[in-house]
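Let me begin by presenting the structure, written as structure tokens, before commenting on it.
All chains are identified by letter, namely A, B, C and D, in their written order; residue positions are counted from 1 within each chain.
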Amino acid sequence: MSNSKFSRRGVLKTGMVASAGLALPQYLRADSHAGFTNAPGDSEVILGFNVPQTGPYADEGADELRAYELAVEHLNGGGDGGMLGTFSSKALDGTGILGREVKYVTGDTQTKSDAARASARSMIEKDGAIMITGGSSSGVAVAVQALCQEAGIIFMAGLTHSNDTTGKDKRANGFRHFFNSYMSGAALAPVLAANYGTDRKAYHLTADYNWGYTTEEAVKSSTEAMGWETVNAVKTPLTQTDFSSYIAPVLNSGADVLVLNHYGGNMVNSLTNAVQFGLREAQANGKNFEIVVPLYSRLMARGAGANVSGIFGSTNWHWSLQDAGSQAFTRSFGTKYGFPPSQAAHTTYVQTLLYADAVTRAGSFNPCAVAEALEDFEFDGLGNGPTLYRGADHQCFKDVLVVKGKENPENEFDLLEIVEVTPVGQVTYAPDHPQFAGGALGSCNPGA
Amino acid sequence: MGILEVKGINKRFGGLQALGDVNLSVAENTTHAIIGPNGAGKSTLLNVLVGKLIPDSGSVMFDGQSVLGRKPHEINQMGISRVFQTPEIFSDLSVFENVMIPCFAKRDGAFRMHAIESIFAEKGIQQQADEILNDVNMLEKKDMTASSLSRGDKRRLEMAMCLVQDPKLLLLDEPTAGMARADTENTINLLKEIRAQRGITMAIIEHDMNVVFSLAERITVLAQGMPLVEDTPDNIKGHPKVREAYLGEAQV
Amino acid sequence: MDQFILQILNGLDKGSAYALIALGLTLIFGTLGVVNFAHGALFMLGAFVAVTMSKLLTLSHKVVDEARTDFLGNPLQVDVPYIYDWFGQAAGDVIIDWAVPISIVAAIPVMIAIGFIMERGLIKHFYKRPHADQILVTFGLAIVIQEIVKYFYGANPIPTPAPSAFVGSFDFGVVLGFDPNAIIYPYWRLVYFFFSIGIIAAVFAFLQFTTFGMVVRAGMADRETVGLLGIDIDKRFTIMFGIAAAVAGLAGVMYAPINSPNYHMGMDFLVLSFVVVVVGGMGSLPGAVAAGFLLGILESFASMSAVIDFLPGINQIIIYLVAIIILLTRPRGLMGRKGVMEE
Amino acid sequence: MLGLEKKDFRLLLIVIGLTMLAPFILNPFPEGSEMAQFNAGYPDLMQRFVIFGIFAIGFNILFGLTGYLSFGHAAFLGVGSYAAVWMFKLLSMNVLPAIILSVIIAGLFSLLIGFISLRRSGIYFSILTLAFAQMSFALAYSVLTPITGGETGLQLALDDPRIFGVAQTASGNIPVPAIFGLEMRASYELALGSWLFTFNAGYYLAALFLILSFYLAIRIFRSPFGMMLRAIKSNQTRMSYTGLNARPYTLAAFVISGMYAGLAGGLMASMDPLAGAERMQWTASGEVVLMTILGGAGTLIGPVLGAGMIKYFENIFSKINDTILHGWFAFLPDGLENFVVAIIHPFIGKGWHLTLGLVFMLVVIFLPGGLVQGGQKIAAMFRRKQPEDAQSKATEPAE
């Protein structure tokens, strides 16, 4: 029996008409010609956009999808070209990828690893997608990344911030542009020290799952290195909606800073609760009490409303950046959809472009060739300054933004202001850093 | 020595003495009626006998063994079957299945993991079920769903389910309650038949004196939880204490 | 000690939310015998009445401000609420600020109407159907309601703040002789607590002291008898459903400032409120209230860091653990009656 | 035949036919055509159909026969998956030991939970099972992360200490689950004209298990044991006054259905070696309840149909997007095209939940007996001539 493993319908769709008629059962050998899974035909190539369309992250998923559609438009030569014009690599020329028109399929991850893998598998097995990208949580990213490794497909991670994605769960076929917990901690700590002093006592509330653990560890170690003390770190259940019983004891704990290692709905609720309890106006140890949110998302900050003002956090990208790439992207996204893009939209757009560029430079869709083209690739003009796709762990290294909730936002998109652009040097770490230990890339798998 | 020996049963619910020092002896192969006005403790006594209630003190011996502390299904396995005031049957199942279940209980005990055997292969059980349905004149209704039966048929079905187990003692809780006159007569005849043909010992709790006197060979009268008298029907009929207890109730 | 008091306060506050939702669920179950999986959706709809009210109050028209530009470099279009035009900016701001309390007024008729429509249009056809069917149809309805809300309002939470007069916390510690800041509690949460107590009291008073309530209580105890009395129980059921919907809706309105409403907040509460109802004893109103407070307080204790350090993960499971223990020791929950939902 | 009545044997043959020919049946539309969107004949979805079918068949043995509504059955599926993945990590990539272990572990776990939960009945039983499952989920997601992988799920790694087998393949990758060398993902593709059919090894293994499970379910339904279970649902009082102890019967049914769930979990991990905690969440338990009721509780084939329907919606409807819609309706004039797309838009893609909710409501309102009843109604329309047929139907043991 031939182990064709994953079908590549792309080929069939175009090649089939010729073999019409009652053909005898035949082993399909197209795979072995190309040597990798889902080799595209001559006229089109299919990408799989796997984003949360239902569940609490559906709005982030919708923004990711908008960015993907924009990227496809630009790759196929439509629109104003967006960041194609500012990208340092000039391999892409608006004629699709390697002359093939870019088509796409969409799916719903539901922010569940099972559903995300089911959706990804259907893209690979049914639709013949050559690359999968998207997602809005680390659990999903890690799960789909492992699946793509097994299937011989490139995975370009969407919004995933846990160290594990390019740490203990890294895979040779998976690539992450988004920043991570370690970088958040490393970028935030100096800014916090500069603003709040080095003699602070922090109280952590941490979401009780993998991402929460890595974020707590990263922020703790970075701030403690600056001289801060960690008074307490309490784990909160993922399903918690009312954080009052976790927030209430904070003010009397001897701490003067509250770090909320929460994301999404947890972050909105815990921050809202903390502000309700008057923590922002409170005094402790003779200092103003402060709140820190290590990972900010503008879409989610909107849910917390005025509560975010003055609160520090970090973010991967923000539309108010003034470099040419960011401006170009914000302009084409804003013109098409009427509002500025989120960081989720940005990272997914950039990932799509980076993939297309790598294929073009490699001259092949073979995942191993693409991976090789991405590894240690240095580029600029995609919004975060000069960036390195490190080969050792498939993580992008670039500047990290430290932001603060705006005091007087002009509208619902204008919630964050950039406090500092932490240069890449400060957030770079060795591939074998303890926070990333325990995994191996393995070798690239072309499938087939 | 009767097949059922109840000695000195006491049961209190809070401040209420439901049963006080009740003694009862049901002799083998007789029909024994337990009568008494409302609230006399008849149902409480019955529930003690079947294991639903545990008395505060006293003993209940059946066929030489104590039943106290045993669960209803264990007491049934000892040989006591019960007919309810309103028939308790498996109403979602067919009539045939209703009688097959007690056959299995009789053969296999309280639990058996017979998950792979087919019902259709159980010829012996099927034959038993057919026979008993034939005995109660319900064979032609064997494929009907039990819930669609008439009230009288439900009663007969329940009776069949008890009889097929071939019990040593059959407890009947007001078997004619709420029945029309004709149905009552039918039931009396049915019970008489059973008694005559199978020789099953029966204990009947009954309100309707007509029924009691047509069936019972011995009668125990309860009043306010206490046993008043125990005697033959003829003696009970004229007993002054019984008249007193039933004051206002006609037909005595 | 102060931590202990603080967590009791917290527990009472959480518990009042649980009790209020469970109360409505029990009303429906006790009177109508319907297991309503859409009850959480009613709670969510209440919160979205508040959201809608604040959207309506800030309904705006665009005024072009040539001096400033938006993110694309075009002249900035500033939103000016109509309410500014009508009442002036100062008065307009006050009205917008009070959007949540104002929406209480709107929520009562809106929620009663929704309750009526639900009962007449759907639920009444399911009185005699098995509980499994009721669960399936109301669960389907809950999904439909929440997806409709998501379609119009998106998946993200929408901030719906309390009036600024209620911002900040009350310092119980000082009153009780502890250090300042030892026992603080936000004003709005105190409002929520007293509001819940008020609603619970009102429902009990209504059932206790009105003829309508007496009939309903009789119906909860023995539905068939009341039906036999020739009382038009149908109409009363509809009204009861409306009241239960209003109770759930009001709980939602007042909850909006505590946690920004999102479309799935009803589902988040659904399982919890069922646990509360069952722990209280199916069909028992006092049981539902008692269980709500009990679980609220125990949940708060379990979230204390000293407790978590001792028993890691206890805060994840406390509600369920308590439910299991109570159901194993008290077969019908705290105050349940025999025979309800045991078939 | 095989100890089955003629009618049951026919049903079994139908199920065998459907599962064996599924690659054809589920791919009715030519590759590349507009309707190909509705094809479900790709390995992942076909595997899910049968795996969730097994899960629902097992659940139905408990719920459909005894009437005990468990809201925590997903926990057994989850435990089964964890057991299987640990087996892959520690022992070998052969799926058989993994599946066997997952059935055993799920059986033990359900014995424990069933023993405690079955002390209560009705809704109290439902809440007890829900509480146990939610506890399992919450702990698996958080404090048990070292055993369960937590949020990211338990997966294979390059340094697994696999006793029988290699940690890495020659090309430096993690080996994949297989049965005696035949990889679960191996597929054979058949092109017939413009149709393309995929025959996947994993699917056929799972389908084999489905047929076995279905056969076993028929035997249980038609056994004295199955009749006792229906008797428990019908009247527990009469049950005990007939000398039967209901507890061991319900517990046995609970454990059997737990083992079915474990089998489904083990198969799931064998097809795709990752076990996530969300598998145990109450929504997952609720899903199997919905599958069973939707298809027809207490019927043999119903749960399988319900499982297929829900999984079809989840996987096919969620993938339809506006671009595809525009493709379908491109033949319409522009204005009309946009209008039609706007009408359908809320029901597809991110709106697939809405469609599913509506389907639940419609089915339960108009077909109280689930899809099976719908099928019977249609069948009845074709044979109106035999009214006595319909009458006898009511008395037959559950179909």
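Rule of thumb we're sticking to: contacts are C-beta pairs under 8 Å (C-beta built on N, C-alpha and C of every residue); 3 or more make two chains touch, one makes a residue touch a chain.
Remember, predicted model here, so these are calculated numbers, not experimental data.
Traced through touching neighbours, the fewest hops from chain A to chain D number 1.
When chain pairs are compared by their number of contacting C-beta pairs, A-D comes first. Of all chains, B has its CA centroid at the greatest distance from the CA centroid of chain A.
Overall, the chain located most centrally, as judged by its C-alpha mean against the mean of all protein C-alpha atoms, is D. Computed centre separation for the pair chain A/chain C is 35 angstrom, with centres defined by C-alpha atoms. Separating the CA-averaged centres of chain B and chain C is a span of 52 Å. Inter-chain centre distance (chain A to chain B, centres taken as mean C-alpha positions): 74 Å. Looking at chain A, residues 58, 62, 208, 235, 237, 239 sit in touch with two or more other chains. Looking at chain B, one finds that none of its residues touch two or more other chains. Residue positions of chain C touching 2 or more other chains, listed in rising order: 312-313, 316.
Touching chain pairs in this entry, ordered by label, are A-C, A-D, B-D, C-D. Per the touch definition, chain D reaches chain C in the complex via residues 63, 67, 69, 116, 119-124, 127-128, 130-132, 134-135, 138-139, 141-144, 282, 286, 289-290, 293-294, 297, 346, 351, 353-354, 356-361, 364-365, 368. Across the complex, chain C is touched by residues 55-59, 62, 208, 232, 234-237, 239, 241-242, 244-246, 248-249, 251-252, 265, 268-269, 272-273, 276-278, 281-282, 284, 299-300, 302-307, 319-320, 330-331, 334-335, 340, 410-411, 413-414 of chain A. Across the interface of their complex, chain B is touched by residues 3-5, 219-220, 222-228, 230-231, 233-235, 237-245, 248-249, 252, 256, 392, 394-395, 397 of chain D.
Here chain B touches chain D in the complex through residues 50, 71-74, 76-77, 81-82, 84, 88-94, 97, 100-102, 104-106, 108-122, 143-145, 161, 165, going by the rule given at the top.
For chain C in complex with chain A, the touching residues are 2-3, 6-7, 9-11, 13-14, 17, 71-72, 76, 79, 150, 154-159, 161, 167-169, 179, 181-182, 184-186, 188-189, 257-260, 262, 264-265, 268-269, 299-300, 303-305, 308, 312-313, 315-316.
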